[in-house]
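In the two assemblies presented below, chain A is common to both, partnered first by chain B and then by chain C.
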Partner chain A sequence: MKVFAIAKNTFKEAVRNRILYLLLIFAILMIGSSRILALLTISAHERVIKDIGLFGINFFGVLIAILVGIGLVYHEIDKKTIYTIISKPIHRYQFILGKYFGLLITVYVNLIIMTLFFFIMVFVLGIGFHISLLYAIIYTALELAIVTALAIVFSSFSNPTMAAIYTLIMFIIGRMNEDILRFAQYLAREADRMIQAGQQVPPFNKFLQGFTNVICRVLPNLGLYNIRAEVIHTPDKVMISWEPLFYAFTYSTFLLLIAIFIFQRRNFK
Partner chain B sequence: MPVVRTEKLTKEYKHDFIEFEYGRMKVNFVPKKTCALIDLDLEVQQGEIFGLLGPNGAGKTTSIKILMSLIYPTKGKAWILDKSLDDVNMKAKLGYLPENPYFYDYLKGWEFLDFYGQLYGLNKSERLKRAKELLKIVGIEYAANLPLKGYSKGMLQRIGLAQTLLNNPTVVILDEPLGGLDPFGRKEMRDIILSLKEKGVTVFFSSHILSDVETICDRVAILYKGRLKALGKLGELLSAKINEWEITAEGLEESKISDLKPHIKKLITQGKEIFIVLDKPDILPTVLDRINRENARLISLVPRKETLEEYFIRTLGGNQE
Partner chain C sequence: MMRKVLFIILVIIFFSTSFLLQNRILKGVKLDIPYIDSLYLPKGDIVKPLVLDYDMFAADFFWLRTIQAFGGHWTGDRVYANFDRMFDVIISLDPYFEEAYLFGTLVLGDEARDKERTYKLFNRGIANYLDNRLEKMKDALINEDPMTALKTVQKLIDEKYLPEMQVLDLPYKIPYYAGYMAYFNFSETESALTYYQIAIRCKDVPDWVFRHIPWLQERMGEYIIALDKWRRDYNQAVEDKDELIMSVADEKIKLTTNNYYLKLFRDDIKSFKEKYGRFPNKLEELAEKKYLPFIPPEPYGMGYLYFPKTGVVIDKKNAERDMIVYLNYIKNKINAYKKQNNKYPDALNQILGKNEVIDEPYQNEWVYDNKTGKIYSTTAPYIVF
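The block that comes next holds the complex of A and B.
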């Protein structure tokens, strides 16, 4: 109930953010312009439209989560509105959860608007609608749940500019997570080869192996949610699985616990 | 049972390694600390109006923020209604108004109170009823449908007070409630505080506007540089002895009392009236005798005791280094 009240108020606050509308307009322009870009290709009209549409939805969804989210907790402290909230009979964790769900609702409302526009375009242009498009959107929604939690974590202890930079870096690393894992595996193979050849494994290799392994496991694996290539090229083979849903749930919970842990200890000077 | 109790409450702020002071960067190679509050022991009894006084930077807001769990004490403990400060349910009986309150400026007056009512866990009909009542009590019924963005400072203070009272609290903690208000607003705020006392509500507030405190507080604590300097009933703190005598007389020429001038503290002539301030009572009969002899008319004779302001200067004056 109290979490819901804060979430509702956060949503009211977020929809007043002008950045939100700017991003939404750009997203719609981008999705809309895919038809024109498709003209530049020889035969792959459908693929280009789907590709740009899904990319636009994902890209702008992430931008909205980051740019609207980063200031939410910071501004409450900066403008001292938090004084009268924390002094009410609510726990600090309820405040963080309220902020998170309020932001998530904002992000999802925008996701729905962008998706509707994209689907209308798909129908109007007579491109065959395939259920895999919806799967891609669901995966984006799951990814956004994690990105939103990231924004809340960084917003709980740093100013908006730094929070935006941190969240963006985490997002980029998260997207490259699988590549980093592959790199770690490559390093391990190289080390094996050296041992078999009777050579000494350089300490730097060992350090890098450990480092990349830790990064892969601790930082979010957002590559899991990028199924755009499959949706466009082999739509019939796209299957939806529980694993990404479970991962998004546990990882967001983990992030929110960190945010709560930090927020619980803060002094509001 | 004391309603608010603190025991050796201390708050230290650690300075950052790199600090910006007045736009200039400062590096603290040696870790630096500032004590905002040192060993504060207080007890506020039920139903009293308790004033926390002191100049700026004395530690008033720090104490209140600790009580509201906005900051955590470095040392010491505190209890409100016999519950420790981390007991969230205790806050349901508490009202708090911060200094220069800031609120969500996009909410309308009633929406704002409705939102805060939800945080107290009130149901919808209760919330609407309370919001309506309180807007009337604080005198801004007309602004119920106006976003807070359009509120003046005084109106914000009023709606701030309204949110403080949403839950019919048993303890109200106000940080500089009289700051930013015009004389009318100050009077109304004082009246509201007094009416809370009538209902048995304990009021704990900080202020540096001493004349207001004098008229409404049962007991006061005086803080200075983080330390408690004095605590008690106003009548006990202020010296009971009469400091000065103010005499106003009509028709007495200044020349007739020129011989007494070395004993007179202040002498002002305004038209026919003469205003004399004596700081020693021994020449009072002589002055009164002169007035009588010269056929002048005594208008008033006022014995003056120490005011809170004078007490402040007397006790803290020596510490102003």
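The block that comes next holds the complex of A and C.
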């Protein structure tokens, strides 16, 4: 109940943020502009409209999660409103959870608005609607749950500028997770080649192999939620798998636990 | 109040100054028309990780920019130097961007006339759609140079490495356009045949693509294989009661048979001349001297025309068609001369332009009557214009 009350207040506070509207307007303009951009292409009109629509929803969803999320906890401390909250019988974990769910609701409301606009465009332009488009947006929603949790973690111990930088870096790493794995596999192949050639594998190679293998498992894998290519090329084969769903839940929970851990140790005296 | 007025005045002053300044700057600017634009990009493999999984959007972005760049060059210098890199980036970002392959090869093949870069793009397109069960073929298409890759693929097809069935998850248009480009733009029948053989194994291939194979085989001199395939098509059409395909296959059988017989005649007449130092007096002499077991009947039922002086043999149907075209052209020129000079030309060379020669297509002669303006050929003297 207390979590809900904080979430509700966070949502109210977030919707007053002008950045939110600015981003939403940009997102809608971008999705709308896909019709004009489609005029510039040679065939592939439908594809351009769908691609730009899905990109706009994802990109601006991420921007909203980061730019609105980074200041949520910091502003409470900066404006000293945190004292009125923690002096009440509210656990700090409830505060973090409330902030997270409040931000997530804000992000999802925006996601729904962008999606509705996109679907209206799809219908008006007579592009065949396929359920896979909805799947792509569900996957975006799952990705945003992780990005929102990241923003909350960094917001719990740093100022908005630093939190924005950290979250952005984690987002970029999350999107490049597959490349880290590719690098680890390349190192493994190189090591195999050396062994077959009777050479000794340098210790640094072994260390780097282990390190990259661990890193790509520890850091968020946001590439998991990119099914946009499949939605465009093989929509009938797109299905929602339980793994990304469960991963979003477990990884967000893990991040929230870290945020709670940090926040509980903060001294507000 | 004064402050507000002052503020508005300042806004107006600064805006109008910058507007006038911009107007002055733009007057001095002379943009080249058309606007020639190119993208200088790193390799696709480098661009891919940099777009942070927004690969579809990035592919679209580069696609639109490439179309724009093409438009500029097409209406300008028509030089397409780094377009292969642009398409490399697009298909690295989205390996299944079918339109990019088709348009890319149109730019590189039709416009730039660059065979190697065209085949390379087609080969990459085909390879991207192949699954790992066809690793050998995939490997050849990606790693070997385009021409060698095609030979390797043809070898794999001959070795039945590729399934005979339509099982490839590859849009048929990619290998089909490749075949089209190879035959019509680069006059490479063998490469075209290899591409068409891939096309007929695609899941979405329409029936008519199959007919390109015997058509090409005939052009490669493989008449018997081509005939066999046309016969199979005909039989299938009879079974399906498809009258259109029946008539197409029937026509193709006649055409292929005719071309095959004409080739036999030409080869045997050549051998005859080498042995006897003269051309046969009549076609039947080829059978008499055992060059042929018998003189085959002309498939259209119109017979052959043979000219012992030149050793040329043609079928009447094609000869008549050609004669009509040629005679029409010459007659128009004769009429134009008559209208201008009020008399028929004394000889045919009077109606021809500088460096223009109208040879009789079958090494025979035009017979022209300058009194009546009538003309015919000794190939088909019964067609008089």
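Criterion: the second predicted complex is superposed on the first by the 268 of 269 C-alpha atoms of A that agree within 3 Å, B and C clash if a C-alpha of one lies under 4 Å from a C-alpha of the other, contacts with A are read in each partner's own complex, and residues count from 1 in each chain.
Note that contacts are C-beta pairs under 8 Å (C-beta built on N, C-alpha and C of every residue); 3 or more make two chains touch, one makes a residue touch a chain.
None of the values given here were measured: they were computed from a predicted structure.
Superposition note: with chain A as the common reference, chain B and chain C can be accommodated side by side.
Taking the Cα centre of chain A as vertex, the centres of chain B and chain C in the superposed model span 160°, given to the nearest 10. Touch criterion met: A:Asp51 reaches chain C, while chain B stays clear of it.
In the superposition on chain A, contact is made by A:Ser87 with chain B only, not with chain C.
In the superposition on chain A, contact is made by A:Leu40 with chain C only, not with chain B. In the superposition on chain A, A:Val218 makes contact with neither chain B nor chain C. In the superposition on chain A, A:Ala197 contacts neither chain B nor chain C.
In the superposition on chain A, contact of A:Ala229 is made with chain C only, not with chain B. Here's the short version: in the overlay, chain B gets within 26 Å of chain C at its closest Cα pair. On chain A, the surface touched by chain B in one complex and the surface touched by chain C in the other have no residue in common. Across the complex, chain A meets chain C through its residues 37, 40-44, 47-48, 51-52, 54-55, 58-59, 172, 175-176, 179, 222-223, 226, 228-229, 232-233. Contacts from chain B toward chain A in the complex involve residues 13, 65, 68-72, 88-92, 94, 96-98, 100-104, 106-107, 115-116, 118-121, 160, 163.
Of all residues in chain A, those touching chain B in their complex are 1-2, 5-6, 9, 12-13, 16, 79-91, 265, 267-269. Within the complex formed with chain A, the chain C residues making contact are 49, 52-57, 59-60, 63-64, 67-68, 94, 96-97, 99, 103.
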